[in-house]
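Both of the next two complexes hold chain A, though its partner changes from chain B to chain C.
Moving on, here comes the complex of A and B:
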């Protein structure tokens, strides 16, 4: 615990504090603007952080992550356009409440719940990270291989859309990481005679393409979508007694958000969806949900902010990203020459504690900034994006080019941007693609080590207890939807009227 | 998991593209030499991925069959999507990079031209849009050149 206290003091010193402030503020702004997002912001600034101290760079990115998830509630409440996917559920009750003439109350509820949800996740982050990283030290190659496999299957099955498309996205992401020199045996593969491909596709251009360029194209497609703000956006907080009334809902939703966040690859939107559903189930007034009900906003916002902290747990302790933005943070760690994984706690504990401290302080900072500036942010989020998109692309170009001074990387940005746009149009989720891409190296390396240690046998996947557990979870996750569909069809055949009900 | 595709045309394109890509990937993997010392080798993962992509592409295609010929139900958006502008923007970005790749224009001038033209494309041709875009073009082209070469020391294309 001494490590955490020291780290909090470090984060509160002027330089890290200012970076964190910059991160949280820019995150809130970008999160509030529909069409922009935290992933986009973090990927765009990543090349600029090469000139920074690694700890401060990651502190700023954590601030952006927290800010972006929180900022989404502003446009979700005032415009019914979620700034980030994690705020989709907030539109169900936030917007109707704003339409009833209480936008300030909706924003106050959202901001307060975001803070409490974030702090609940912070508690779990502090308590669970050290023992989990010690536990992860016992993992061998088969445990890692099966865990990464489980992460990919989980994200493919739980992310929005069909499981087949999620799996397809994950495997396409793995494939994108394959070209170039295979480090284990020195073989060049899938370069098709292009010498530029010998290094493969670099991480940053791929992330810029999938997250930023594809979004730019999407925004260009929807350039005629205009937004108008309704009502005054000054945050109004409910009284303390009312917060006590929401206590159970907030704590429950915060815990749900944290635990769903820990599951690899499952985003904040799923957390708020589950928390909202459970809040409605346990509510005394479920019929009010969707009409501008306090409990709906509280559940959604505390869960999506808690998800950020939950998702940081597997990233910090095992090097497994809990969400697509965590995959970008994982990439940032690698680009800053920091090896993520369980050893990080042993070899660089102050760094890990600094990240955890930054997360906690970022939540308090987010609350303060949003409380005092939400009405100002609300005024500017509906600006014309026609001027912003070309500038964002210029930053993409510089970010990709500066990596190794070659324009090939910029072509990679454009290529992956078009691919990401196409995948998005046909409802293939981009989260599994990015996580597959980031984890492909670990997946192949661990499989190779495992097979070498077992003389080419796959049996350790089922003979080692932890690996067996991960394998079983993967198989159940893969098979369950098919069983559920088969049961649904059987029920539909026996009772056609019942099957047509929503 | 839905048993039928909700967007038959898109899924048909996706399924065919996935099958074609799987075939291409498998063909590309055939050139990789067999392993020398480890049981896996460099070709195993690409071949495995090709097979899985092929199977998943086939599954996507199979799910579209019952829905082919029917129109997907869905709400019309409250605004008009502009595929022409999106495609124009992609072409403009490619032209921007090509200018520098071929050495026809420096970063400064190509960026200024790109920001100006992209602003007009996205904002519509009008005097206010042109003036704002011109200001931003000068800022990004000349200011950007100075910032990234003199402050961040990036060796931009000249």
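Moving on, here comes the complex of A and C:
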């Protein structure tokens, strides 16, 4: 715990503080502007941080992450356009409330819940991370293999939209990770004789393509569509006594957000969806949800911010990304020559504590910035993207080139940009793609490492207790939808009226 | 009048720019140093120490530019060096992986496809175990392996020296250890400390840095014992004829003129004699000894001789 206090003091010294401030403010900005997102921002600045102190670089990126998830609520409330996918649910009640003439109250509720949700997750981050990292040190190849397997199954089953499309995205991501020098047998694979392919598709160009270039193409095609804001909004902060009324809802949603964040591979949008659903179920006035009900805003916003903190837990304790943006942060760690994993707490504890401290301070910073400048940010949303896109385009290509000084990487960005654009067009989610891409290497390496040490036997998957637990969860997650479907059909058969229901 | 003055000025400027070019000696433009790792890594740091020394101590009359070309076990960078014009303006360095990459069949060239400039320092390496391991010396491990082949797990990064070196050592002792692909240095450390594997190759700076975390040296591959890790025997002292270290090997494209190679070789040597550079190297745990081109070639040839018989065994690790 002393480490945390030191780290907070470090984050509050001028240099890291300014980087964090820059991160949070730019995060809020991209979060608020529809069409720009946190993943895009973090990927774009990654090459610019190569020459920065790695602690400050990651502190800034965490600020961006927190800012981006929060900024989305502004456009969700005022425009019914979620600035980021994580604030989709906020549009359900935030926008109606704003339409009813209370935009300030809607914003105030959103901003306040974001802060509290974020701090709830922060509490778990501080309390759970150290013991988890010690526990994770006992994880061998089989534990990691089964855990990643579970993560991939989870993505497929709870990703947005259809399970098939989620699976497809995951498989495509894994495919993109296959070519190049294979770490497990030291041989080249799927390079088709091109020397440029010897290193495969690098993480940064792939991310730049999927997150940035695809979005540029999408935005460029809709460049005519402008967002307009009617009237200005000032956050009106509900009284403390009112907050007490939301207490149960906030704590519950915060815990849900944290827990879903911890689950590998599931993003903030799912968190707010689940928290919103549960809040409605437990509400005494469920019919009010969707009409500008304050409980709806509170549930959605506290859960999506809590998700950020929760998702950082597996990232810093095990090196497994808890959400697509964490997959990007994982890449940033590797590019900064920091090996993520349980040992990070032992070999580089001040660094880990600095990230945790940055997360806590970023939430407070986000609250202060949003509370005082929400009016100005609201005006910025209507910003003409035609000025922004060419700059982003150029940065995107320069960033890809600067990684390894190879033109090949620039082509990779363009190729994956086009791929990402078309996937998005046919509603294949890009989150599972990135997770699949990042986890494919881990999955293969751990499996082969495990097989080498067990001399070819798969038995450790069920003989090692932790691995067995993960295996069971994976099997249940995979099989459960089919069982549910089967039971549903059987019930439908025994009750013919029911069968007519859509 | 004005136009005439302008013309004269342009002519003078041109003469200044192109004049010296005609008969100037190497180097007459910036030299690119290709480094096979990201900016910020240990290899990159070495390159930047030289870059600064070359400029500040006026050892090289032109600027040097660092080009980071990471990936594919360093082969992207070494290929770029190999395929560059042999004019001395693109050089670079890598470690002993230049030998093992060809042995593993990843690339079709080794050190002999380059002009060797020399070795700018090296780190001493050896096997390490977890603090509470029952193995106190290499002999303990060998005895165990002889009684029960494959009973000791070695964490390796396949196809690289950290894989070949233990293969050579255990083969030399007539024992068979179980190689387990684990990955780079930090992953091997986690694997050893987590008890998933028994031993792996580390460098002396790592033995010192991770002593508190529970890493203990077992044996060194050095020529002689090192006071930094007191009481640790070398493989040679344990009766195995094998010496290896992790070298920083400087390469120029094949066909680079001898006088240019000499110039660069001298520049490295001069820089390394500088006390500031020396102390920076020592901070990094790198022995600041310069090894000339001829001895470099001998050492690499010798290492190749040890590696080749192991290739079959190394490639067998493919499950």
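One rule holds in what follows: the second predicted complex is superposed on the first by the 486 of 502 C-alpha atoms of A that agree within 3 Å, B and C clash if a C-alpha of one lies under 4 Å from a C-alpha of the other, contacts with A are read in each partner's own complex, and residues count from 1 in each chain.
To be clear about the criterion, a residue touches a chain if its C-beta (ideal position, glycine included) is under 8 Å from a C-beta of that chain, and two chains touch if they have at least 3 such contacts.
Remember, predicted model here, so these are calculated numbers, not experimental data.
Colleague: Give one of first, second, both or neither to describe whether A:165 is in contact with chain B, with chain C, with both, or with none.
Modeller: After superposition on chain A, A:165 lies in contact with chain B alone.
Colleague: First (chain B), second (chain C), both or neither: which does A:185 touch?
Modeller: It touches chain B and chain C both.
Colleague: Thinking of the overlay built on chain A, is A:411 touched by chain B (first), by chain C (second), by both, or by neither?
Modeller: first
Colleague: By the touch definition at the top of the document, which applies to A:202: first (chain B), second (chain C), both, or neither?
Modeller: A:202 contacts chain C only, not chain B.
Colleague: Name the contact category of A:51: first (chain B only), second (chain C only), both, or neither.
Modeller: Both partners, chain B and chain C.
Colleague: Let me test your reading of the model: by the given contact rule, A:452 touches which partner, first (chain B), second (chain C), both or neither?
Modeller: So A:452 meets both chain B and chain C here.
Colleague: After superposing on the shared chain, does chain C or chain B touch more chain A residues?
Modeller: Partner with more touched residues of chain A: B.
Colleague: Looking at A:245 after the superposition, I want to know if it touches chain B, chain C, both of them or none. Which is it: first, second, both, neither?
Modeller: neither
Colleague: Which chain A residues are contacted by chain C in one complex and by chain B in the other?
Modeller: Of chain A, residues 51, 184-185, 187, 405, 448, 451-452, 455-456 contact chain B in one complex and chain C in the other.
Colleague: Within their complex, state which residues of chain A touch chain C.
Modeller: For this pair, the touching residues of chain A are 50-51, 54, 137-141, 180-181, 183-188, 195, 198-200, 202, 335-337, 339, 341-343, 346-347, 404-406, 445, 448-449, 451-453, 455-456.
Colleague: Chain B touches which residues of chain A in the complex?
Modeller: Against chain B, the touching part of chain A is residues 48, 51, 162-165, 167-168, 171-172, 174-175, 178, 182, 184-185, 187, 189-190, 192, 216-218, 220-226, 384-387, 389-391, 393-394, 397-398, 401-402, 405, 407, 410-411, 414, 417-418, 421, 425-428, 444, 447-448, 451-452, 455-456, 481-482, 484-485, 489.
Colleague: Spell out the part of chain C that touches chain A in their complex, as residue ranges.
Modeller: Touching chain A from chain C are residues 38-41, 67-73, 75-76, 79, 104-106, 150, 153, 157-160, 163, 178-184, 186-187, 189-191, 193-197, 210, 213, 314, 317-319.
Colleague: In their complex, what parts of chain B are in touch with chain A?
Modeller: Interface residues on the chain B side: 1-3, 6-7, 10-11, 13-14, 18, 25, 28-29, 32-33, 35-43, 45-46, 49, 52-53, 56-57, 59-60, 63, 77-83, 85-86, 89-90, 93-94, 96-97, 100-101, 111, 114-115, 118-119, 122-124, 129, 132-133, 136, 140, 144, 148, 152, 154-157.
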